[in-house]
Amino acid sequence: MSMIVVLKPDVSPEAKERVCERIRELGLSPHLSISNGDFGAVIGAIGEGGAAVQDQLEQLEGVEAVMAILKPYKLASREFHAEDSVFEVRGVRIGGPHVTIIAGPCAIESRELVFEVGRRVRAAGATILRGGAYKPRTSPYDFQGLGVEGLKILREAGDELDMPIVTEVVDPRNVEEAAEFADILQVGARNMQNNNLLLEVGRTRRPVFLKRGLAAPVRELLMSAEYIMSQGNHQVILCERGIRTFETATRFTLDVSAVPVIQQDSHLPVFVDPSHAAGKRDYVAAMARAGIAAGAAGIIVEVHSCPEKALCDGPQALLPIEFTRLMQQIRQIAAAIGRTVVEPSARPSSSRG
Amino acid sequence: MSMIVVLKPDVSPEAKERVCERIRELGLSPHLSISNGDFGAVIGAIGEGGAAVQDQLEQLEGVEAVMAILKPYKLASREFHAEDSVFEVRGVRIGGPHVTIIAGPCAIESRELVFEVGRRVRAAGATILRGGAYKPRTSPYDFQGLGVEGLKILREAGDELDMPIVTEVVDPRNVEEAAEFADILQVGARNMQNNNLLLEVGRTRRPVFLKRGLAAPVRELLMSAEYIMSQGNHQVILCERGIRTFETATRFTLDVSAVPVIQQDSHLPVFVDPSHAAGKRDYVAAMARAGIAAGAAGIIVEVHSCPEKALCDGPQALLPIEFTRLMQQIRQIAAAIGRTVVEPSARPSSSRG
Amino acid sequence: MSMIVVLKPDVSPEAKERVCERIRELGLSPHLSISNGDFGAVIGAIGEGGAAVQDQLEQLEGVEAVMAILKPYKLASREFHAEDSVFEVRGVRIGGPHVTIIAGPCAIESRELVFEVGRRVRAAGATILRGGAYKPRTSPYDFQGLGVEGLKILREAGDELDMPIVTEVVDPRNVEEAAEFADILQVGARNMQNNNLLLEVGRTRRPVFLKRGLAAPVRELLMSAEYIMSQGNHQVILCERGIRTFETATRFTLDVSAVPVIQQDSHLPVFVDPSHAAGKRDYVAAMARAGIAAGAAGIIVEVHSCPEKALCDGPQALLPIEFTRLMQQIRQIAAAIGRTVVEPSARPSSSRG
Amino acid sequence: MSMIVVLKPDVSPEAKERVCERIRELGLSPHLSISNGDFGAVIGAIGEGGAAVQDQLEQLEGVEAVMAILKPYKLASREFHAEDSVFEVRGVRIGGPHVTIIAGPCAIESRELVFEVGRRVRAAGATILRGGAYKPRTSPYDFQGLGVEGLKILREAGDELDMPIVTEVVDPRNVEEAAEFADILQVGARNMQNNNLLLEVGRTRRPVFLKRGLAAPVRELLMSAEYIMSQGNHQVILCERGIRTFETATRFTLDVSAVPVIQQDSHLPVFVDPSHAAGKRDYVAAMARAGIAAGAAGIIVEVHSCPEKALCDGPQALLPIEFTRLMQQIRQIAAAIGRTVVEPSARPSSSRG
């Protein structure tokens, strides 16, 4: 990564020379240029330098600022891959002109719940089924998920309903296990910079659904995608799910502008999670629609058939009937911007047998 | 406003009695109740108390917490006025099922610019014309607006094009003057808590377009509306324009969820300003669409015929052709959620003469 | 302000020429330089350009980024005035090696309160008396201050106790009146970007105590100081009072690092307001000590003799005895970093005798 | 955890009864009380309920709000352990009246660096040596640390200098290995909610140095401590290291008020990390002093003998001479608030002789 080094107006010729020398030591090539009034000089440092090189140059005597020219991510960028990436998971398309809907309960609480909710969301138009087996909770005293038993239930439901399934992994030690059952591996917001987990999912051949961290600028989300992609797994789906701000009317603040921002710089599909951002059922549909209108590749939304008895995040779950109504609006909004919602296959696979 | 006072588990009978006495002194009536284990007691303090009463009770010995039951705003709330407020400004409807589009240049730079942009946005479907005469800039060395000369230009353009006009006021001393020319008075984000300005616009009979402060929770925006309404002017239009967060890819973070949040608690129409939130032309259309899809009563958007020569905020201005394309998408998105875009009158009023 | 314009790697010679031409049109002089691989070229645009110039250049075809070299503020900067500014208000020094303590009640509630608290804080070591006559409240239903009657009380107390007084102004129309009574005019956080108010206080000869806005980066605080100074009034005291973040355990988050940050770039004295940042008495002393240890020129702190009956912000007011204890710690901490607390004159105003 | 359930003014008797019934079903005991005007009724739900119970009750018809009475953490709270916790690590005291200084390089780059910096910081007064072997970097292309080879170097330096050592763990799979070498295990900000890592370090007998997440309210930091303590390891040291806000002059915003906030609610020692918060050497000393003045149990600070060649975070490292000067100020500030800095043993490990 080449850099531009701006020197201070009062830089001495000796300091200027030392900066050039240091640039050479670091394996880059200095190109000294304009030298006038407000700034002492500008040096182009051409070559391959990372964060440490930038940090080191900034500390040299006479240096005002060092600016990197290129983005720090490569594989995730449009420079690397100009066209929108489009993936296919068990026949369901993600990315490009497709709008794909993921729905299901927050946690896999029971077989009954998963099948019941799965059937309802499929009927309404969802094509991928979600459910959490390992729940990352704030309190050690809350329900932590069913673990591998939950994964098995979700797998069965996915097979029965002919829907690919997505589930969250939270520990590098569970990635292999989860990859056996799940079609898509989710990395949650709180693990977005758990680098070893990123590397581990990067070594599987499963698409990874990567959620933005609560305090992560878009740039850092793309760096986390880069960690995964650096292991050879280029099937990364990004997800905006709300950032932490001072506003407490919603659980988090959905940064819907992340959708066009990411789409400008990256070829990876971007989803929106209105449920965790809202934290409250009443706001979920509006935020889901906003995400689709902004150009998201899809949404991931929590649906529960009896949310007032949910073991986790009940207040933000849509009722199946609300989800059905939302799907109708989503189809029209997608059409307004030239996109098409991916619809479920004609009938569940169980009847295929 | 009644309150609930929770006492500590180990509160003494004497302290409990003192709390009740103080509640009486403050003009409220104490209703002592449950007293058990985890909490010493709960006292309902029934009557009219404001922030000072809550503050004072919280400091008494033995008090764990004091919770206000009702919202601190009244006139702005759905409790006061259950139905959506709908205003009409020179024949243009705002609120309820209507989607109203305000567009124009950031600053009134010249007569030519305002007429040129006005014609273009009207042709595309905007019904209200915007333009700034007093510009609240971060630096004293930047262009500060044309003042009253600018207002006159905007007025003429509005008359010529048969569009009501909206302009920002920044000083209580200019409100009367601005109210003579403008149909709608805007209070900007940086003045959302300039209470004397709020009171002053509250004394005019002009609808007020009130933007959310950069660091204001929705609740405080509604308190500022309350300041205006307390003077008898109930025609307040709220506007989400982005809050300040750690994300720097956009100038501010558009909190699109503020739309459903406000709509649940207040009858006032809510607009979205995608231009200031984005700070960059490329993201404006996506954010405008998101606002409409979330249920906003309209958008206010900056358009410039030659943004690379704009004296103010050029990088975020849409080109007229981009605005035209956006309008087409907005119409379809509004339809998807049962709303209708208010269209311009058949022809400009110039032909009125 | 000169700028550096970085062109895209694939910029055409024609686009490059057009950028140079536009730089000339804008009255700056282009100095084309390095042109290689990762970036198309770097152009130094030498001369005087403001935000609009930067905005305009950024939009040109082929431009990757435009970077301003100098800080946007001048009079407030160390480049303009290298040494710490030191002011004297009625014999009390502010800035440089001096640590100056401002204390008093939040609001001027009554003559008795102001004199009682004034005597107590003076006895403990405060040298400047504070009190609010115009209170900028969130709700129109809360106590709004005594206005000019309050100012008169504060003036009398200041005279009686031989303490300069500071009070907040919130409206350009009250600045003249307030400047008659007060020795120092405060501009509060919610008015930090109320430019007309800044200009108005800049036209008085009173030192201005300027608080940082809730969502203002340090850079914008310095730009607001620049507004005041541009009118010829160079006696500006800055104040860090907490910014708005996601943390709700305190009312705001005291950004204590603003102290060294400002001191590096500006010659103006920086105070810390621990009371508004904390919002809760129990945390005030720790935050006041932190401010002094970080190198603040002083603190402004709220003290109330009966905070559980205060009409405004009682929960954050220190009791006089707590303030006395704090002063003792502050003296030692100031000494630890080579500073000295400015002590009150030997006895209150001889005029009493 | 008992709760208070507030019902809406217009709640029906049937809905009221259903809420009471549901409270019983959830294993708590309902105590119905005050019923008047502004609120329909208040029900005390006495017993043991967690987040799911609160969530479930909030969704019932007629419920306005549900408030938990106690804090969600137990072992970390002052209710569980009233006195300050004091730990001893290889003879070095942490907590209570002691101020303990941890210093060393950011990353273990080489044996020479660690020994050189270790000697310098010990001579100045640091008693615990820090150094990173597994570096959690934002980019996969940056230096990731020496791993177990680094741990061995740090161990040797600690033995040679008679200083306990602290190092960060980032993966549950490395905890056992790290616990063999290190005296204190650090969990970094980005892993504060990596629950499986928390559980794993909770199963070791090593004190854990737990850093606050970039977007974590203090309450969530204490919940993370609770995860560790729930495994039987009560030796948890908390660390404020800056939160993410809109301010970019520093890398993060040091929330120094977290120190008194935590001390009021928890018995665990709280440190401050000025280096990561500042991101820039020039601000580190001021922020370190602020932390000590606010009452922190110590600081953890990065020192490098040649920061302009550091492989990681050089710009924020203090030079040894700057650290020595800072230590002198820290001793005096600690004394000002009745604390004492823990000094190194008379000479490095006798085992050398």
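Details
Note that the chains are named A, B, C and D in the order they appear, and that numbering of residues resets to 1 at the start of each chain.
In this text, a contact is a pair of C-beta atoms (placed from the backbone, for glycine too) under 8 Å apart; a residue touches a chain by one contact, two chains touch by 3 or more.
Not measured: the values here are computed from a predicted model.
Taking the CA centroid of chain B as reference, the farthest chain centroid is that of D.
Pairs B-D and A-D differ in how many C-beta pairs touch across them, and the larger number is found at A-D.
Note on chain placement: the centre of chain A and the centre of chain B lie 31 Å apart, centres being C-alpha means. Between chain B and chain D the centroid-to-centroid distance comes to 39 Å (mean Cα coordinates, whole Å).
Centre-to-centre separation of chain A and chain D, using mean CA positions: 27 Å. In chain B, the residues touching two or more other chains are 215, 243-246, 248.
Contacts from chain D toward chain A in the complex involve residues 50-52, 55-56, 58-60, 72-73, 136-143, 170-173, 190-191, 193-196, 213-215, 220, 223, 226-227, 230, 243-244, 307-315. Against chain C, the residues of chain A that register as touching in their complex are 1-2, 4, 6, 31, 33-34, 36-39, 42, 44, 46, 64-65, 67, 69-70, 244-246, 248.
Of all the residues in chain D, the ones that touch chain C in their complex are 215, 217-219, 243, 245-250, 253-261, 264, 277-278, 282-283, 286-287, 289-295, 329, 332-333, 335-337.
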